[in-house]
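Before anything else, here is the set of structures, which you'll find just below.
The same chain A turns up in both complexes below, where it pairs with chain B and then with chain C.
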Partner chain A sequence: MASVDYIPRKTVLQSLRDRYFSTLANTALTLLSAFIIGAIIWKVLNWAILGAVFSTQGGAEACRAASGACWSVITARWRLILFGLYPHEEHWRSGLACVVVVVMTVLSCLPRFWSGRAIAIIWVGGFLAFYFLMKGGILGLTVVEEAKWGGLSLTVFIFLATVLIGMPLSIVWALLRRSELPWISGTTAVIIDSIRSLPLLSILFTFAVVLPFVLPSWASGDKLYRVIVGMALFFSAYQAEIIRGGMQGVPKGQEEAAKSLGIAYWHRVSRILLPQAFKNALPATINQIVITFKETSLVIIIGFFEILASGNAAYGTGEWTFAFVEVYAFIALVYFVFVFSLSRYGAYLERRMAVSER
Partner chain B sequence: MLALWNSQGFRRIFLQVAYVGGIFALIITCVAVARHNLDAQGISSGFDFLYKSTGWNIGFSLIDFKAVDPYWKVLMIGLLNTLFLGTIGLVLATIVGMIIGLARTSENDLARLLGTIYVETFRNIPLIVQVLFWYAVATRFPPVKQAYSFADSIFISSRGLYVPGLNVTGLAAFLAICALLLALGLIVWFSAANRFKRIEPNIRRKTRWLIFASGTAVAIGILYLGRIPETPLVSIPALKGLNFRGGIRLTPEFAALVIAIAIYGGGYIAEIVRGGFKAVGRGQIEASQSLGLNRFQIFTRVKFPLALRAMLPILTNQYVWLMKATTMGIAIGFTDFFMVVSISINQSGQTLELIGILMGGFLLINFTLAAVLNRINKAIALKGDQLRM
Partner chain C sequence: MLTVLTKLTAIAGLGVAALATPAMANVGPTLEQVKARGSLECSGHNGSFLGFAEVDDKGAWKGLDIDLCRAVAVAIFGDASKLNVVPISWAQRWPALQSGDIDLVIKASGGTFSRDTELGLQFSRAYFLGTTKAMVRKDSGITSLKEADGGSICIPAGTTIERQVASYADRIGITLEPILFEKTEELREAYFSSRCDLYAQWGPTLAIDRSVSDDPSAHILLPDVMAMEPEVAILRQGDDQWVDLVNWVFSALWFAEQEGITQANVDEMKANPPTSEIGKLLGVTPDQGAPLGLEDDWAYNVIKAVGNYAEVYERNIGSGSIYDMPRDINNLWNNGGVLYPMVFD
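Right, the complex of A and B next:
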């Protein structure tokens, strides 16, 4: 009995040694990593908090004297970065519109709203609320033209509109590509693959600058909406392949069973094929949406005053020219919060689905 | 008529003709309208403009360029710049990705944590924000007179990084790098492809050395031929007057782009590397341990080759993506292919032709890259009955 009771237990010290100091190489790796992590934490803490200046009281001069970050540039210019050229007294509308979008994103992450109709209502409703908050003209809000939109809300607007136009378009592309008619599927495949092998910038450039030559003047519309259409086209080419991948994961028997029951094409697609395809494609779809949000920042090159451009303006003039690191850190943080939380959510979904399929 | 519509055969043909015809009609209408609009501006169509001189100069070029040179030359320089930036960016991103990816799969918690911090930080910030940030950093170094110097041969200033270099033309340097990369690719292919598996190990080793030696020889030969006459072979930058003379100058634009692409792409490649190593079965490693291989042998002979097979298809997509990301040069004024085309459109007005050239150029680069990598992938993939799970 005594020998059964006796199981040698590792002490804390032993297990530490096994994990971090088992060999000479491992010890060196541990020490190096610990040193780098410590250095990063110390530097960031020192720069961002301990030695930083937060208030605008001393102006730019107080910042130059400080050892750390100069957050007063954000305190002084945050309205410019977030809202761009939007009229000052209407800033609450721009801010509220961004809050609407955050609420909308959180709602569509909850499984209870995962049906085609609920998602469509949330997104279209959210988009309309966003649009009318920004543009005004109803309920006594003054009209603010698109040309004055800027900063974070312009980024969000382009992103929302891209996904809203691109998602239905991608379903159409995916269905066309797996059509039984060879010429339709072949032509669609060529279109999708060509769009996918071009850089997004060249497509944006074509839509912003070249399209006015190519279209009759009544059809070319505002530059902002042309760029949105270009981004939606690019998004839909990638998303179509993701949905097609999801469709390939639906067992063939499902469609055959539906056919044998005499269910018509549109019903087969909308009630049987698409719901299952979307479930399969969900993690990849979230990933693509995250990428699209990051790519929205490219419109700065076409000359839009989105968050990156307004950030450049915030440090580019006058007394704050030295404080570019702080402004970029702020913008990076805005992107990081959104992208990181969505991609964590995608990873969580992936794990959850892997469990449910076991 | 209704009977005709009800026949399935007719409907199939009708739908296909309508779809394809509709797309062609759209394209033809667009081109016709564009022709009309451009004619109204007095811009003649066709590719004759390629032989006209540009009248403007270019910021970054590997070969000599003057304002009197024709458009085809400026477009070629743009393409060359894109390839140059892409090649260096891809190589650096792969190295960064390998290191971070290995840290992410390490058994050491701290090293893994470090890798995670890297990946989560740099992947979640848009590339263009990083490009603009590094550009702002690169242009804020002290002016030439007060440049930081290391051992009096490397200088960092707001006008760029100056390092000692060989007195060769930029084109020759690029070709030499290509030759070395080609030799490296050949060695990988030769080592991994199944068709060479039966050759004796001794001869295999010798062949590898031969490929390596001949690749190096070709590179040196190219460098020798591309030497700028009547100069010493090695040139060291030195302050003369208001600027540095000699050495290689990396412009702030180029440096910012390379750094951003290497860091951002490295984050993505690290995840691909991690996925590749995770795909190597535990049994494979246990089997090689029981055969008495040491850790180094397990890594080079078992883990890495198997992981590479899992990585390569995804890596291909990532490389194509990074190649496309070089177009961000326009944000900070690096004259890559895209920027050259867009300046040309502004200057010459030959919109349609230049857009066609732009798209054709990128289709060519990306399809070639994908084809080469797919070829390597096919050569090293497991075949048929080798697949035992």
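Right, the complex of A and C next:
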């Protein structure tokens, strides 16, 4: 028999034994952990599914009697949570608007649409579709004022508008900050640092509540847009620094080479500097976008009916006061779906860009 | 000669002003603005405040405060759909009112000295008296706060209740261990899961929390009244006509209750008013609305839309609701309470 010149593959059982049951102490630890994990899973399963009530048939009373979660509060009030104060018979518009966003995101994940122009068209077009679906006033849709928007679609709207306004703004900040004229770069640095040193909450409060006292009435606009401008400013200050970091990662020789070839400033920036800078800055950018999505919930403090507020309203009625945990769990799930897919998309982008580097 | 002329002009001017008064002075700037806008902007909540401002399954507002807003909107427009409830947080109440985002605040808010003077606001008459009370588990055997000496008490953080409890405890010479909670549901859970012996809260909220708990009969409200706050509608300073209007809308609700006018019988009452006061209230006698800048049948519309005060109360927080809160002090004067209408003469 020939000598074995490969390391023999362990069977599953062998590797299990080696890894988890090699000594008595290890065995004990493994069993203990398995028991704890199992108990937690069993408890959650019991609460969330096995002992839970899903239908509204028995009303709140059937829920109180149940051992598990009371999902009937969601069955009864999900439209309030998702759409807030939006007129009940127009909810389909609000729902459709959210679908538009999902389609938009999926489209921009497809490599076929990966050119600056296509992405811009998809996002701006999708945003406009979203806006007109929500607001109405065209194609025979009744007008729904911004004050009536609420729930998930308001959260999504604030988030999208913030990023769409904030992203170009942050590029401008980053470029200004790199300016060779010291008074421009200095002023920009002061502006960025001032915005970053203010808490978001105070910025929101100022834009929502204080600004109408200061601005003439024609300039103050709807509260929603003032708040979005505030959030976009805040976002852009952070994002500008992220992009600047990305720019610093681009070797200086690139720009010098471009200059020596006589490539004009805008071409240099848009074709050479920014694409590489964005690639460098991608992980931090995704991070910032995810944070921004979660920060939209702060607008509850200035009286917006975003998903957290409408969740509060959902359990805030005599019948359902006891079921707030279920409502929060539901909202957490919605957030999770959004944020998790955002992060996965970011990770996918990173992998793809890494491929182009090889 | 010149002085005589000046005087004459002044007198003439006064005369013109006097002639113009009945038509002009009735509509204050706020009412004018509301009419021009075509909607009444009233305070709502960023979430819900049990019994006073809630959202139903279809996303429509309801509650005692909301119904009072609705009454004012109906008095002005004769149409409840002209009410626009603006969701605002507690902190936002005064800036929103002063910047003109909303026309009035009816948000379980008390009339206080500093709100009147420093903030420059104006109040209607009180539509509800809110007391600060404490709740305790029945099996503890405690029947008054004095017996709870040394106990722990759950209190909403950052509210006046914190101060009221401390000063009341000082006054009756006991010490309580305060445990503070920021969120209402957290506070509620803490008490009902026995983290504290007592639970101090604004009376109506306390009663509501008890009534929606798993076993309401296991808890009692102690008779001690630690503080009282008259809840009022709050308005911008300097528009007397607007204050009058809101006060008379409230009065109409109380007067209707006093005279037994309900949503159901208001048509009958209007067709055949039993007394001349009722006739005046319901606009059978002409020119009852003009002094307030309203239509003659404003009160009829209000009662038709929301009912009298008793109906508003029972529907939202009283026997017609899940909360089933007795009216006690918030009854009309002739039922042992403190509320009363002005006279419609």
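Rule of thumb we're sticking to: the second predicted complex is superposed on the first by the 311 of 358 C-alpha atoms of A that agree within 3 Å, B and C clash if a C-alpha of one lies under 4 Å from a C-alpha of the other, contacts with A are read in each partner's own complex, and residues count from 1 in each chain.
One rule holds for everything that comes next: contacts are C-beta pairs under 8 Å (C-beta built on N, C-alpha and C of every residue); 3 or more make two chains touch, one makes a residue touch a chain.
Note that the structure is a prediction, hence the values are computed from the model and not measured.
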Overlay on chain A: chain C relative to chain B, clash or fit: clash
Touched partner set for A:76, first chain B, second chain C, both or neither: second
First, second, both or neither for A:33, with chain B first and chain C second: first
Which superposed partner A:336 touches (first chain B, second chain C, both, neither): first
Partner chain in contact with A:297 - chain B first, chain C second, else both or neither: first
First (chain B), second (chain C), both or neither touched by A:213: both
First (chain B), second (chain C), both or neither touched by A:197: first
Contacts of A:318 with chain B and chain C, given as first, second, both or neither: second
Touched partner set for A:45, first chain B, second chain C, both or neither: neither
Partner with the higher number of touched chain A residues, chain C or chain B: B
When the two complexes are fitted on chain A, the stretch of chain C hitting chain B, from 147-155, 201-209 or 309-317: 147-155
Shared chain A contacts, counted only where both chain B and chain C touch the same residue: 209-210, 213, 300-301, 312, 324
Touching residues (chain side chain A, partner chain C) in the complex: 64, 76-77, 79-80, 83-88, 147, 150, 208-210, 212-213, 223, 300-305, 309-310, 312-319, 321-322, 324
Residue ranges of chain B in contact with chain A within the complex: 12, 15-17, 19-20, 23, 30-31, 33-34, 37-38, 103, 106-111, 113-114, 117, 120-121, 124-129, 132-133, 136-137, 140, 320, 324-325, 327-328, 330-331, 338, 342, 345, 351-352, 355, 358-359, 362-363, 366-367
Complex contact set, residues of chain A against chain B: 19-20, 26, 29-30, 33-34, 36-37, 40, 176, 181-184, 187, 191, 194, 197-202, 205-206, 209-210, 213-216, 294-295, 297-298, 300-301, 308, 312, 324-325, 328, 331-332, 335-336, 339-340, 343
Complex interface listing, chain C residues touching chain A: 44-51, 54-61, 84, 86-89, 91-92, 95-96, 98-101, 185, 188, 208-209, 211-214, 321-323
